[in-house]
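Here is the structure we will look at.
Think of it as A, B, C, D and E in the order they're written, each chain with its own count starting at 1.
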Amino acid sequence: MLELDGVTAAYDTTPILRDVDLSVEDGEIVGVMGKNGVGKTTLLKTVMGLLEPSEGSISYDGTDVTHASADERARAGIGYIPQGRDVFPKLTVEQNIKMGETIRSESDETLYDQIYDYFPVLEERASQEAGTLSGGQQQMLAIGRALVSNPDLLLLDEPSEGIQPSIVDQISQDMQTINDDLGTTILFVEQNLGVIREMADRCYAMERGTVVDELGPSTIADEDAIAEYLAV
Amino acid sequence: MVNGINLALQFLDSFAFIVLAAAGLAIIFGIMGVINLAHGEFILIGAYTATLAVTQLGLPLVVAMVVGGLVTGLFGILTERVIISGAWPNYISQRTLGRDVIDPLYDRLADSMVATFGLSLILTQGARIRFGNSIDQIATPFGAISYGAFSYSTYRIVLAGVSIGLLLATYYLFTRTDFGMRARATIQDKETAQAMGVNTDRMYMLTFGIGSALAGLTGALFAPVISMQPTLGDQFLVEAFVAVVVGGPSVVLGTALSGGVLGAILATFSNLYGTFIGRIALLVAALIALRFLPDGITGFIEQLRQRRQESD
Amino acid sequence: SAGEGGTSTDTASSTDTLKIGVLEDQSGNFALVGDPKAKASMLAIEEINANGGIDGMQIETFQRDPQSDNQRYQELTRTAINEESVDALWAGYSSATREAIRPIIDRNEQLYFYTTQYEGGVCDEFTFAVGPTARQQLGIVLPYLVEEFGPDIYTIAADYNFGQLSADWVKVLANENDANVLGEEFIPLSESSFGSTINRIQEADPDFVMSMLVGANHTSFYEQKASAGLDVPIGTSTAMAQGYEHRRLDAPAMANIYAGVNYMEEVPTDSNTGDGGFVDRYFEMYPDAPYLNEEAETNYFSTYMYKKAVEQAGTTEQPEVVDALESGIELGTEEAPEAPDGETIRLDGATHHVDHHMWIMRADDEHNIEAVENRQIPETFLSETAGCNLPENPEQTQYTPVDYYEEAE
Amino acid sequence: MSRNSANGGANRSLPSRLRSRFEGPNTIGESRGFWVGFAVAVAVLVVYPVFGDGSQLSLFMVLALLGLSLSVVWGYSGVLSFGQVVFFGIGAYTFGVVSINYATPGGITAAVVAGIVGGGLSAAILGYFMFYGGVRDVYVTIITLVSTIVMHTFMAQTAGSEWAIGEAALGGFNGMPDIPLLTLGIEGASYQFIYNPFPMRVIGIGAFEISPFYYLVLLLLIGTYLGLRILVNSDYGRVMVAVREDEDRTEMFGYNVTRVKFVVFTLGGALAGLSGVLYAARNVYIDPTVFSLLFATLPVIWVSIGGRKSLLGAVVATLAVEYLRISMAGELALVLLGTLLLVTILVLPSGFVPWLHEQLVETRLGPGEAGGADAPDASSEVSD
Amino acid sequence: MSDTETESEVDSLGPNVRQTAAELATGDRTETLLQTDGLVKQFGGFTATDDVDFSVAEGELRCLIGPNGAGKSTLLNLITGSYEASDGSIYYNGHDITDLDPHERVSRGISMKFQVPSVYGDLSVRENVRLPVQQFADGEERRRLVAEAIEAAGLTGYEDVDAGQLSHGQQQQLEIGMAAALEPDLLLLDEPVAGLDVAEREAIAERITRLNEEQGIAFVVIEHDTDFVASIAEEVTVLHNGEVFREGPIEEIESDPEVQRIYLGGES
C-alpha cells in the first residue's frame, strides 16, 4: 500500500531523512520507533506530503505520489494525526472534527457516534474552542478528527502523548478495532513501549535519519529488545 | 438641537461608512494576519472601475458597481499570488534558482505593512499617470427625501442597507459555510489543514480575493459621493483601522459592532458640536475602547458571557 | 538627474542664462491645483524664451514635484537656493507650504513668488504674494450675494489657517455690508462626509452659504449637498476656479455657486478666450491638460512681472530685481488675461501684493459658467489697515484680521 | 570568531575590554574589521560636507535618530509603535514653544532639554496608559497609530489666536515659524549652531564653510548609536530581547515585563523627542505634517528595510530611503520607490544590513562555516 | 524569603532568588511552603478547579496526576498567576499571594515550566540560560553558573546553537535548566517528559531527583507516565473533575481501585 524507496528529505538544506526504505502492506499496523530527533516526525510529514523529498520515491496504492501535494494525498485517503497539539485552536471542537470530513462528500453519522463513543468529552465540549481544551483532550480531538475522514492509511505521530493511562490502553485497542473493522492501514510513531507492543504487527527502528532495523512480531513481544532501540 | 430623525439618519450614514470602509481590511487582517496599507488603493480601484464603467462603457450604475467589486477582487487575487504569498515569483525562481525567493507575508504584520505600502505608492501614482489628477464623477442616484426643514440623500440610506447586507453575507460565509471553516483552519495551521485535504493555496487566494472585492465594492458604492482622485482611498483608512481593531477578534461581528458604536459616537458628536469634535470624539473613543477593552468589543463580549455564566 | 542645467554659479546668472525654480504639486492632496500651476509657469517661460528671453537671457528651470509634502518642499527649496542658485522661486499651493518654506526663503534672502489665492496678510520683504487675498476674493462675491439673496450667512471652511482666517474675513465683510453670520463650521482637511454639516446648514436656514473648503476630500461636499437636496446659493473663494468641480462633477451639483476669483478658464476676456488667447496657447502646449485654473494664471502673469522687473533692473541680482518689482509693475490683458481689454493689474510695491481684477463666476444648472460681475479690487488690508510698507520698513510678518477688527474675534 | 579563546577571560587588553561593552549577540559587528569599517564611515561623514550636500545629510541624520528610537522600541523590545512621530512632534513643538518664550541662549538650551523631556514624558503617559492597561501586540500598534492621527487632526486646527502658549502661537496647519536659532550654552558662553557657517581653509583643498549643526548632529548620532549598542548588549538589553521573543516566558523568570516595556517606550520617546528638537531646530520651523500618516509610516519603513534587529540597519536605511525619497524625480519616482520597498522587504525580510553582514561573513569564512547574521559566536560571553 | 531580603545588590530588574534554595537543603522539610485554600477557577460555566485545598511542604517532591481535563494544568497556572482565581486564596511561605503578578511570585521563589516547551527559539542556549542567571550573579560567578546550568542540562557544546534548533528533549532539558537556574524554592513542571524517549525520561527523572535532594527545591510535577511518577515521587495528589480526589504515597494511590477506575485503567 505504501512504499518508500531511497527517500531523502531536508528542511531547507539540512538533510534529516537519508535514504529511507520502508513499506506498509494493506491492512497492516506498522510502528516506527527511535530516539528523539532521529526523524520520525519528518518521516511521517514526508509521507503526508508536507515535505518534499529531494531524492527517492514514494508510492501509495500503486501510484507514484512523490511530488503530490499534501491535500492531494489527503484526498487520496491518507489521514494524519500530527505530533503535539495541532488542533485548530480558534475553531470549535465540532468544527475541528468537521474539518476531518472536508475530503469526503457527505458526512457519516455513524462515524461521529463512534468517535463520541471513544471520547465522550468531545461531544460534551462540541462548541468549546479547541485551543482551550486540556492537553489530553486536544490529543483526543486530533485522533477523532482524523478518524472521521475514514482514511485508508492513517499516520499517527505519538498518539499516546499526554493521554491518561486508561485511555492510552483504550486507544491501542480502538486502533486495532478500526484496523479490523474498517481495514484501515496504520503507520504510527510511538515512544510508549506498551503501545508499540500492543498495536504493532511490525516495527521499524530509526537512527539518525534512516531506518536501521525491522522488527518482526516476535521481537516486538520482547520488552527488552524494544527497550534497547529506544534507550541506547 | 438634537433632532431624532437627523441623528438616526446620520447614524446610519456613519455606520455605513465605517462598516464599508473596514469590511475588506477586516477580513484580510483578521483572517490572514496581513495589514493591507494598500486598502485605500483597492477602494480606489473599485471606485475608478465603477465610474469608468459608467462614463466610458455606459454600463448601468448597479452593474458598474458589481464590476468594480469583481475587478478589485481579481486584482486582489493577483496581488496575493505575486506579493502576499509570493507563489508566482517562487514558481519562477524554483525553476531558475532552484529555491523560493519570497516567504509568504501571512501573519507578518510589519513586513506586510511595508510591502503593501510600497504597493500603495505604485497604485496611487500609477492611477495618476494613467488617469491624471482626477476623473469625472458620476451623479448620485435616487434623489432626496425631505422631512421638515431637512432633506436627506436617499442613496445614503441605501448604502446603510447595503452595508448591513454585506455584513450578514460575510458573516454567514466565514462562520457558517464549509468554505469559511476551511479558510479559518488554513490560517490557524496551514500544514494540518493540508493534511485534512484543504488546498490551502486556494484558500489564501480566495480569502484575499474576497477581502479585496469588498474593498472594491466599497469604492464602487461611494464613487458617486466622493471626489474621484488618486488619493481617494486615504479617507477610508483611519476609520477602517480603528473599526477593525476596536471590533476585536471576531472579524465580522466586531466590525459590525464597532461600526455601530463608533458610528453612534461620530453621529452624535458631529451633530451636537460639529465635524471636528465628531472626529476627535471618534478617535478618543477608539483609544479609550482599546485601552479598556484590549481585546476589542467582541473580546469584551466574550468575557461578559463567561462572567454571566459563572454567576449562574 | 539633479540639476539638468548643471550647477549654476553666482557669476553664471548674470551672463546669458538665468534660472527659475518651479516647485508645484503634481501629486498628493493638492495635485489637482498644483499641476496647472506648474504647466502655466512652463508656458510663460517657453513663450519668453521663444521671444528672445529676458534681456537676451534664456530661462533655465529647476522643476520638481514636492508631492504636497512640506518636508519635501523644504528640502527642494534648499536645493533650489543652495545647489541650483535659482534667481527667482515659485513654490507651493497651500498657505501651510508657504509658511514651511518662508524661514528658508528669508534666511537666504531669496526672491519668492507665492501665487495662490490666500487668506492675506503676509508682509515679507522677500515674498511676493501675488494671488488675491481673502479680502479681495470675498470682497467681490459677498456684497453681491447679500444684495441678491439677503443678509443671513452660514460659513463652512477648511479647519486650518486659510479657512479660519477667511471665515474671519467673512465676518468683517458681513459687518461692513450689514449682513450677519448665523453660524460657522470648520471642517478638518481629512473629512469627506458632510451629512451633519448639511443638516446644520438646513437648521440655520441662511440666505446663502460661504464655502472656503479646500482640497480633494472637501470636494465631496458639493455632490453630497446636491444629492441631499440642499439648494441654497453658495458663495466661495475656493471651488471651481481651483479644482474645476463644475467640470468633474455631474450637473447640477455646482448649480447656483458663485465664485469670487481673479481668474478661471471661463473668464470672458478677449485675451483669455479669444482666438490665440491664453486658453488656446495653454491647451496647444498641453493638449491633455484638464483645466486652466486660477493659480495657473497667477503663475503665468507673475513670470512676466519678473521679466519686466529684470529688464528694468538690467540684472538678475535679486536685491535690484526686488527694487524694480517694488517700483510697481503693471501688466495689461495680454500678460494678465484676468484684466479686461484696456485695463491692467498692478503690483503694489509697498505690500508685494497685487491689485487684482476680480470676477464673480456663477455655474448654472448645466454647469455653464457665466461672469456675473467684475471690477478691480485693490489690496487694502496690508496697505491701509496694517500699514505694511516693505521698502521703508522691511519685515517678515503675517498680519491677521483679529488684531484689527473686533468682529473677527 | 576565535577571538575569545585567543585572549581568554579576565586578562584582556583595555581596548578589547572596552570594545566588549559594545558587542554581543544583539548587534551586528563583532570583529576588528567592523570597527575599522565603522571608523572609516565616521571619517567619511566628517569630511562629507566638503564634497556633498551636508545640509541635506544633516536632516537624514536627524531622522536616523528617529529611526533608532523605533529600532529600540520595536526591533529590540517587540513593541511596534506607530507613534514615534507623536513624541518626535511633541519634542519639536515643545522646543519651539519654550525657545520662542525664552529666546536667550540659556532659554534655548533649556528648550532642548524640555523637548527631550516632552518626548519622553508623552511616551511615558501613553506607555503607562497602554502597558499597565494590559494592551498588547497589534493593539499597541493601532493605539499609537490613532494617537498620531489625533495629534494630526488636533494640531492642524490650532490656527486661531487662542491657541498660543505665551508668545508662541501653535499656528495650526501652517505650523510654527519664528523658532529661535539653536544656541547651546548660557549668556556669555554660548554657541549658535544654525545659519552660522564656520569658515575653514584646508591646504590643498581650499576655503569652504562648514555647518556646526552638521557636526552637532553627527556627534549625537554616533553617540546615540554607541550608547544604544551598550544598552542592547547589557543585561537590560538581554531582557528587552527576551520580552520581544516571549513576554509570558520572560514574566516567568521574574521580570516585570510591563515595566520593561514602559521604560523602553519612554526611552524611545525621549530619543524621538531629541530627534524632533533637532528637526525643528534645523528647519527653524515645525508643522503638523510630522503627525501625518505618511510621516508616521516612514520610521516603520526605515527600520524594516534596514533590519529591525539591527541598530546600524535603522541608521543606514533611514539615510538611504530618505535620500532616495528626496532625490528621485519625475513621474515614475513614486512607482520606483514603491517597487524598491516592496522588493526589498520581500526578498530581504530580515533587512538589508543583516543580509549584507551575512554576505560579508560568509565570504570571509567560506560557506558553511558562517552562522546566521545574529548567530552568537564564542566572543559573546565577553559582554558579561 | 524575599519579603525579608535585605541584600543591597538586588537587581532592579528582577528578584534575588538565590539564597534560600541552598538554605533549604539543610532546613526543616515539614514547613508548609505552598497552600491553596478553596481555590476555584471557572471558564464560562465550566468549573476547572473546584474548591481545591492543595499544599506542598518545603523541599517536597509531589506529583500531580489525574484524568485528562481534571484541572491539573489549571491548578499550576493559578499558582503561577497566569490565571486569575475565581475564588479562594493561595498562600506561599505564609503570605497571601493570590493577587500578585506572575513576576512577583517568581521573585518569591516560584518557578514554572509550561506544558508546551517554550524556550526562546531565536536566542542561543547561552543567552537563554543567562537570562535567569543574570538577575543575581555577575562577572565570574555568572559565567560559572551559566556554564553549570548548561552542563546540567546536558547541553555542553550547544552553547551557541539557537534553542529553536534543539530536539524536543533537549528543549525540555533546557527549560528545566532555566527554571532551575533561578534557584527557586518551588518548581512546577507540567508534563516534563511527554514525548521524550526512554533514555531522556531517565535523564530528567535523575535531574529532578538531584535538584530536589541537593538543592532542596520543592517540586510539583504533572505527568501521565506512571513509571516516571513512581520513579521520582514520594507523595501523589490525584485531581478529578477539578477536585482533590486522593492524596497519599504513590504505592497507596496506585493500588487504589477508584484511582484505577478513573485514571489508570484496568491493571496497568
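Rule of thumb we're sticking to: a residue touches a chain if its C-beta (ideal position, glycine included) is under 8 Å from a C-beta of that chain, and two chains touch if they have at least 3 such contacts.
Each chain and its UniProt protein: A, E = ABC transporter ATP-binding protein; B = Urea ABC transporter, permease protein UrtB; D = Urea ABC transporter, permease protein UrtC.
Since we're looking at a predicted model, the values are computed, not measured.
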For this session: Enumerate, in label order, the chains that touch subunit B and subunit C alike.
Result: D
Seminar exercise, completed: The chain whose C-alpha centroid lies farthest from that of subunit B is chain E
For this session: Could you let me know which interface, C-D or B-D, is made of more C-beta pairs in contact?
Result: B-D
Exercise. Comparing centres built from CA atoms, which chain ends up most distant from subunit A?
Worked result: C
Seminar exercise, completed: Note: subunit E sits from subunit D at a C-alpha centroid distance in Å of 42
Seminar exercise, completed: So, in whole Å, the Cα centroid of subunit A is separated from that of subunit E by 31
For this session: Mind checking the centre-to-centre distance between subunit A and subunit D? Centres are C-alpha means, answer in whole Å.
Result: 51
For this session: Give the residues of subunit C that touch two or more other chains, as numbers and ranges in rising order.
Result: 27, 159, 186, 188, 190
Seminar exercise, completed: By the touch definition above, subunit E meets two or more other chains at residues 43
Exercise. Touching subunit E in the complex: which residues of subunit A?
Worked result: 34-37, 83-85, 121, 132-137, 139-140, 158, 161-170, 191, 193, 227, 230-232
For this session: Under the touch definition given earlier, write down the residues of subunit C that touch subunit D in their complex.
Result: 1-2, 26-27, 64-65, 67, 69-72, 74-76, 78-79, 82-83, 94-96, 98-100, 102-104, 107, 159-161, 164-165, 186, 188-190, 400, 402
Exercise. For subunit A, which residues count as touching subunit B in their complex?
Worked result: 45, 48-50, 69-71, 74-75, 79-80, 82, 86-91, 95, 98-100, 102-103, 145, 149
Problem set entry | Residues of subunit B that touch subunit A when the two form their complex | 178, 181-182, 184-185, 188-189, 191-200
Exercise. Once bound in the complex, which stretches of subunit D touch subunit E?
Worked result: 9-10, 25, 235-236, 238-239, 241-242, 245-246, 248-258, 260, 371-372, 374-378, 380-381, 384
